[in-house]
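Note sheet for the following structure.
Think of it as A, B, C and D in the order they're written, each chain with its own count starting at 1.
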Amino acid sequence: MTTRREDLARRIEGRLAGKSGRALWRSLDELSREPAVLETLRTEFPGLPDLAEARVGRRRLLELMGASFALAGLSGCAPAEAPGEAIPYVTMPPGLVPGVARHFATAVTRGGYADGVLAIHQMGRPVQLEGNPDHPASLGALDPIIQASILDLYDPDRSRTMLTAGRVASANGMVKALFDRLPALTARGGDGLRLLTGTVTSPTLARQIGALKRRFPAMRWHRWEADGRDAVRTGAVLAFGRPVDAVLHLDQAKVILAVESDVLDSAPGHLRYARDFARRRRAPEEGRPEEMSRLYAVESMPTLAGARADHRFAAGPDGVEAVVRALAAELGAGPAEWRQGAPGWLAAVVRDLSANRGAALVHAGPAQSPAVHALVHAINEALGAPGRTVSYIEPVEADPVDHGESLKGLAADMAAGRVDTLLILGGNPAFTAPADLDFARTLGKVPFSIHLGSAVDETAVLCTWHIPEAHELERWGDARAFNGTVTIQQPQTRPLWGGWSPHELLAVFDGETRPDGYAILRATWMESFQGKGDAEQQWTDALRLGVVADSAAAPASVSLLPDLATRLPAAPARPDGGTLTALFRPDPWLRDGRYANLGWLQELPRPFTTLTWDNALLMAPATAERLGLQNEDVVEVRTTTGHLRAPVWRVTGHAPDCVTLPFGFGRKVVGRVGRGVGFDAFRLRPLDHLWRLPGVELRKTGETYRLAATQHHQMIDSPDVVRHATLDEFRHDPGFAKRKEPSQSLYPDHDYPRNAWGMAINLNSCIGCSACTAACQGENNIAVVGKDEVLRNRQMHWIRVDTWYEGEAEAPDQTYFQPMPCMHCENAPCEVVCPVGATMHDTDGLNVMVYNRCVGTRFCSNNCPYKVRRFNYFNYAGDDNRLSQSWNPDVSVRARGVMEKCTYCIQRIREARIAADRESRPIRDGEVKTACQQACPAEAIVFGDLNDPDSAVSHRKASPLDYGVLTELNTKPRTTFEARLRNPNPDIQEA
Amino acid sequence: MTAHRGTGHTFRGTLAAFDSPDAMLEALRRLRQEGFTRLEVYSPHAVEEVDDLLGRKPRALPLIVVAAGVLGAVGGFALQYWGMVLSYPLNIGGRPLNSWPAFSTTTFELAALAILLVGFLAFCAFCRLPRLYDPIFDAPGFEHASQERFLIWIAEREGRDDRDLLQRLLPHGEGVRIDEVPA
Amino acid sequence: MSPSPETRADLDRVVEPGVTALSVTVHVSDLVLERRTPRWWWIGFGLSLGLLGLFVVALGWLFFRGVGVWGIDWPVAWGFAIGNYVWWVGMASGGTLISALFFLTRSDWRSATSRIAETMTVFCVACAGIMPVIHLGRWWYFYWLFPYPNTMALWPQFRSPLHWDFVAILVYVIGSVLFWYVGLLPDLATLRDRARRRWQRVLYGLLALGWQGSSRHWRQFKILYGLFAALMAPLVCSIHSIVGLDFAGGLTPGWHETQFPPYFVFGAALSGFAVVLMLVIPLRRALDLTGVITLRHVDVLARLLLTASLLLTYCYLMEVFMPLYRGEEHEITVVMAELGGYYAPWYWAKIILNGVVPQLLWIRPLRLNRPLLFLVALGVVVGMWIERYVIVVGGLHRNYTESSWFVFMPTVWDWATLAGSVGLFLTGFFLALRFIPIVSMFELRELLHKKKTEGGR
Amino acid sequence: MAGVFSPTANIVTKLVLYGLLGGLVTLAGGAWFFPSTTYATGEGIVQPQPVPFSHEHHVGGLGLDCRYCHTSVEVSATAGLPPTHTCMTCHSQIWTNAGLLAPVRQSLATGKPIRWNRVNTLPDYVFFNHGIHVAKGVACTTCHGPVDRMPLTWKGASLRMSWCLDCHRDPAPNLRPKEAVFDTDWKRTAATPSGEQLMTRYHIHPETLSDCSVCHR
């Protein structure tokens, strides 16, 4: 194998000799189509169908449609052409059955923290990710970002060769270059050797770095995570004197105050938290109304938690901190003067919290100041939360330090020329570093710098060496989850482009020329398994289950330090009227920009704004009103750190007097997808104001910039689409969501003797995280269409998450999320109007779509009252540059001119049906899970057989809250919703 | 020798041309009284009375067309019934397989189609069209029949010489004698 | 032929004095056979060809890239193509109504205008027939709508209004072409006999199929033509009812209208008469036909235009009244959106052009003022296109699901397709002007004869 | 003035009309019959192969079971092609130097797979599953033809949609007892249960089998 890799490398070197800069990247791109390269790749992975051929194979569908229609139609498919090739293995991998999917447990990290996944393999290649039910952070669910990592794996824009100074180099060259430096370094005890990583939770990496430190005492290890949790860490240190991590138990929490909390969007363990939260919100319809939790939220920029809150209060950053301080004071954790100026509603909240001592919880997001976090710890203490609704564990991050300080130090040393060998393991600091560090320029001064990265990015081009990083699905590794649980990451395929893992790179320092990641990892664990019984057995179990048994972090016994209040930094001054504060927030999907080249994420509508393919300067409608700004007006943003131009977008429920600058966009050196998308907010983000920067000036430029939003009408008009009530109303009238249904019909009642598939979507559970949309996109080969098409409202998502506001646009009383897949109406209006019968019912009552019969009249879409059908206006799938083997082979790739829509994942139903029929038994409940159901962290979506009274879905539909949308049209939808319940605090309602 | 040539005249005969339909009709009437049977009229537009004088009643075409219409309708409905109920029955939007109200429009249209096509073909058949050549076209002055003249063709009666008789019968019209119509 | 003071008598005359069977025959056939092509023809034909070229380009790009080149989006998945289709097929009805319906009513003013009307129909239908095909996402599979035996063992879905429509337009194309051609036979024979150039005699000889004008031919001709007329009249109504059902058959608010079938028939008639007027007014001068296409014709057509406009206006009122009366929330939303929403300007333009302006024609002097009449007709033609456009997008852009509300923004290719189709029509019509007798000669001979026997009026 | 056309014109007209009619009939007939020609279906067509593998010899002659090479046929959508190793299990012992088998040995040596030419293929939008058919008593030979008599493998059936539907609508005639599914020279005897009996035994419900979603996703 290695030999073949090397002569690939040599061939590539030959091809690229003398090329540099632009030309280099372009030819790299061409290279990916080079027969020579393809040849090597294919023989490297017999499992993969030949890339070129696979492409053709996939395209054959399209050809069939475009090709001469002389006889094609008469015969249904073209006259027999050469059927192409069939390529078997040379040696069948053990346990592989061609055509049968296999699951392997591993983990994918996000900001260093692991989410357990199952990689689903077809013909020996991973095609999809699902959550690992045995993993504490995932419990079988997945968020869009982790799901998209499979797309990242197959991203053709990932870097494929070693580069030095823009020229292609061989691995040996790199190893040699590193070896050459070792003697000098050793002599200096490692002085000038620096390591820069993101948040590290990997025990193995920690072990390796530890060893490296022992060998080079003067080496320094720097950390930088752009959307990191410095404030959380510092807050803990302020409160307890040492860093600890907090693990929440929302299933125990009756009353919760979320302080711009990321508990439902992105906090480590948010999937788990979402599930616990949702369970308690479903309690009333399951007959335990007293268990329903109550959620308060105070925040500047809307969060998912805020959207689900029973009472949401918008306040600027200063206002938020004032609230927390006042709350602390009320609970005796702070001086009385903090109370003054507290908003009226706080009293009621305090009463509610302290009334539920031991079942109350306060949580603050990473964008809040350390003071807030410290106070939150104090408040929780006062509320008797520790041990009940929150518990403290030893930090999951290895050797936690303050990332900001750490990076600052590195920048200073680089500027001063004290760094001569710099290893950057992942991450893209040249892009994400605070503006005032001027990191990019100083990085250029480092004589020998190695960047290990999965793609050529802003940092790669500044380093003397770039090493293609093996994707997490391509390499051996380990990582810890929010509660410390370790997962061993096993490679799902050989590195497609011969990437290196950080473990392997560090091992080069131990004199290894071809380090073996597997051996390195195994060493760590064999050691730690020693003396705990059969190490080999534990190792295989860990691999099989995807978690290392009882590896969760030890609980930390901490006690609150006295006189916390006095040690806190002063509260931020309330900005005098008029001046705006800028809030820096990560884009929900691109985070710090590392996912910018993933089409799925670019096109996934952002919560609240429903924006795609762009970031925007977000502000409250009132603020926009005051400044005379409309959506899409371009303004010049001036701060002490610089200025940039950004389009404006109004966000209902945003706090006044502050504007949000989402970062992660505006990448410069990036693949084809992420190029020229959005503006770079990092350019304004200073180190000492990572999350909020006062004194921003906006100047209207008079220009406008079109933004691609997917929902243009968000204020609820018709009361029937989203039905809701308060807990009390529900108690008095449980059937409030029911309406009079049309009783008689012209049409006969079809009966569905075998199965009657149906879906129930619980609006009490749904947190609007879009995991369903992303999962559906991956499972069903849904194409990415690009900004121009979204501007024409041609996005293809089969299940969309509608976002509704009620009340006045300023501060909406309520935000509702409603996932909308196909309703699979029994009297489907779409079917009747199709002139070729391309869509019809099957015996299980599914509203199915035969893509290849569709001629594209689009009448079905016009006639669909729910507007859930999507049309291929162009050859979207064909124009997509993703590698052909990344498509799901169980689902047709749709061609130009064809209508498509949610099929309840018919491919999964058919698979289960065949399995069941082979054993001549009925399909068991839960045997078929749709992709959206699988991914939903909140268990909002349940799918199953309506003929089976004991099926989960039948139970859901038996709920009094169950209702169908637009049933007055006598469409008889199979997909129904459970109405949303709110649990408002009566005291506040009166106020 | 008396073989019909489509337009119903024999080789020998007389072609009389008139400037007005009334004169033509007058002559025709007299010819009938004298017992001339094999006559044909060529005119630039239809003249109602001619048919009565020549005693010809059209019946076939309407019947054929009606029959075609009925067949078209029945066939049209049968086609749809076959496709939707018998050949490949599918549950389309929960509608009954035999959605006859929905089939009615197509049934009507197909009936109309049958009428149009059959009607035209039958018309061609009855008029023996297309027939690019006919001896009558070679008759001198015949081209006026499509413009402003009204012609009567009087077939010569076997073994009789009607010249004087015709002279008498058509005094005002200028009769034209044709000896031989080149075949 | 200067416009003499128009008295009652003038308005009753369908033929000016001094026009004889021969003079008509000679004049009309010489237009085709003898007269050298006038400059205005060349100019007009050139422009038409230019537009036709645009059509070709537009379709080429469409076929190459896909229907995405148009502005259609989600939820507005139908745009210009369908609007154009309804518009063209509507105008086509004008010819059929005049030549079929008024044949049955034995209206003597029909004879001189029928040929122009029918020819117009043929080319309108051609334009209409193209639209539904090119609007398909995969137009190259349009023949899947034919019920033909295939190895997929599949059939079209006969319940779909689109399929009714497909059959209807097919029958209508065949019908109007046959009707037109049968009506042409005697005149083609006349051309054959009057032609002096060899190629003309051969050409028209072939086209005339050997028509002799014998009593036998005339007899069968009369029957067939009567039957066709009796069939085409209801057929044309069925076409537009079905086109109406394309929308009424769907449950989209604003489309699901019981009144649509008659509504569309009225609309079709209105636009049809308008186009005939737009053609007749200039042609009677340009081709020196004032002798046979008299003020009476103009007057009658204008009255018909007015009548149709009144009928349609009633439908417009109902279109607003019924939803309010039914009180169905979404339908009201759509009505309100049309009255005051994004498409309000279009909506009101349609009301003014189709409903208000034609009311001028109550006044006879205005009715007889040809330039004004031409403008009114032009307004109606434009107005009718707008009506179709508003119907198509109106219901879709304010559908049941508020979260999908969005508007339709046409692209340059939408406009190119529309303009191009006009080019196709004009090209065809100009060719017809040059090569076929644009007035039915034999019918006029018949008419003149009838008039004479009735006593020379 | 003489007429435009001579008498021959009428004959020519007739000829042209009959010609058109004939042409139309031929065209329709052609369109009707062409799809069922082997040219269109590829039925019975042999594909050239890198190694002239003979099912006749291996199955008919040596009596190898289908599953020996097509291992996944019972459990998977695809029957599976034998890896080079499978060939070598025998051919490392016998015919070790046969020139015909050079490509096989080379494949093993170089690790480059043998590139066979497909004989049967379906469009990408059709999803066929071998496992379920085998499980319900549809034999290999039912669709692939008399494999045991194929010196070089040819396409056994048209694989047209209508061909699939024929069986999905009326499976009975094509069913045999499960245990005989891989038996290439099986004959229906008086003892064999009827197709109807097998349908009940294997719970086959034709009314569900012509659902579009059975094959199209």
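Quick note on the criterion: contacts are C-beta pairs under 8 Å (C-beta built on N, C-alpha and C of every residue); 3 or more make two chains touch, one makes a residue touch a chain.
What you are looking at is a predicted structure, and each value in this text was computed from that prediction instead of being measured.
**Student:** Could you pull out the chain whose C-alpha mean position is farthest off from that of chain A?
**Tutor:** Farthest by centroid: B.
**Student:** Count the C-beta pairs in contact for C-D and for A-B, then report the pair with the higher count.
**Tutor:** Ranking C-D and A-B by C-beta contacts puts A-B first.
**Student:** Averaging only over C-alpha atoms, locate the centres of chain C and chain D and give their separation in whole Å.
**Tutor:** Using C-alpha averages as centres, the distance is 54 Å.
**Student:** Quick check: how many Å separate the C-alpha centres of chain A and chain B?
**Tutor:** Centre separation, chain A to chain B: 81 Å.
**Student:** At what distance in angstrom does the C-alpha mean of chain C lie from that of chain A?
**Tutor:** The computed centroid separation for chain A versus chain C comes out at 57 Å.
**Student:** Would you mind pulling out the distance in Å between where the CA atoms of chain B average out and where those of chain C do?
**Tutor:** Chain centroid spacing, chain B to chain C, equals 31 Å.
**Student:** Which chain D residues sit where two or more other chains touch them?
**Tutor:** Touching at least two other chains: 1, 4-5, 35, 160-162, 212.
**Student:** For chain B, what residues touch not just one other chain but two or more?
**Tutor:** 88, 90, 92-93, 95, 130-134, 137, 142-143
**Student:** Two or more other chains touching the same residue: where does that happen in chain C?
**Tutor:** Residues 150-157, 159, 163, 192-193, 205, 210.
**Student:** What does chain D use to touch chain C in their complex?
**Tutor:** Residues of chain D touching chain C: 1, 4-5, 32, 35-36, 158, 160-163, 165.
**Student:** Considering only the defined contacts, which chain D positions touch chain A in the complex?
**Tutor:** Listed in rising order, the residues of chain D that touch chain A are 31, 34-35, 39-42, 45, 47, 71-72, 75-78, 80-85, 107-108, 111-121, 123-125, 127, 129, 131-132, 135-136, 160-162, 202-203, 205, 207-208, 211-214, 216-217.
**Student:** Which bits of chain C are touching chain D when the two form their complex?
**Tutor:** Chain C residues touching chain D: 149-154, 192-193, 201-202, 205, 210.
**Student:** Where on chain A is chain C touching in the complex?
**Tutor:** So the residues of chain A in touch with chain C come to 65-66, 69, 73-76, 711-714, 716-718, 721, 789, 792-795, 800, 802, 804, 820, 829, 832-837, 853-859, 861-863, 865-867, 870-875, 895-899, 966, 969.
**Student:** Applying the document's contact rule, which stretches of chain B touch chain A when the two form their complex?
**Tutor:** Against chain A, chain B makes touches at 90-96.
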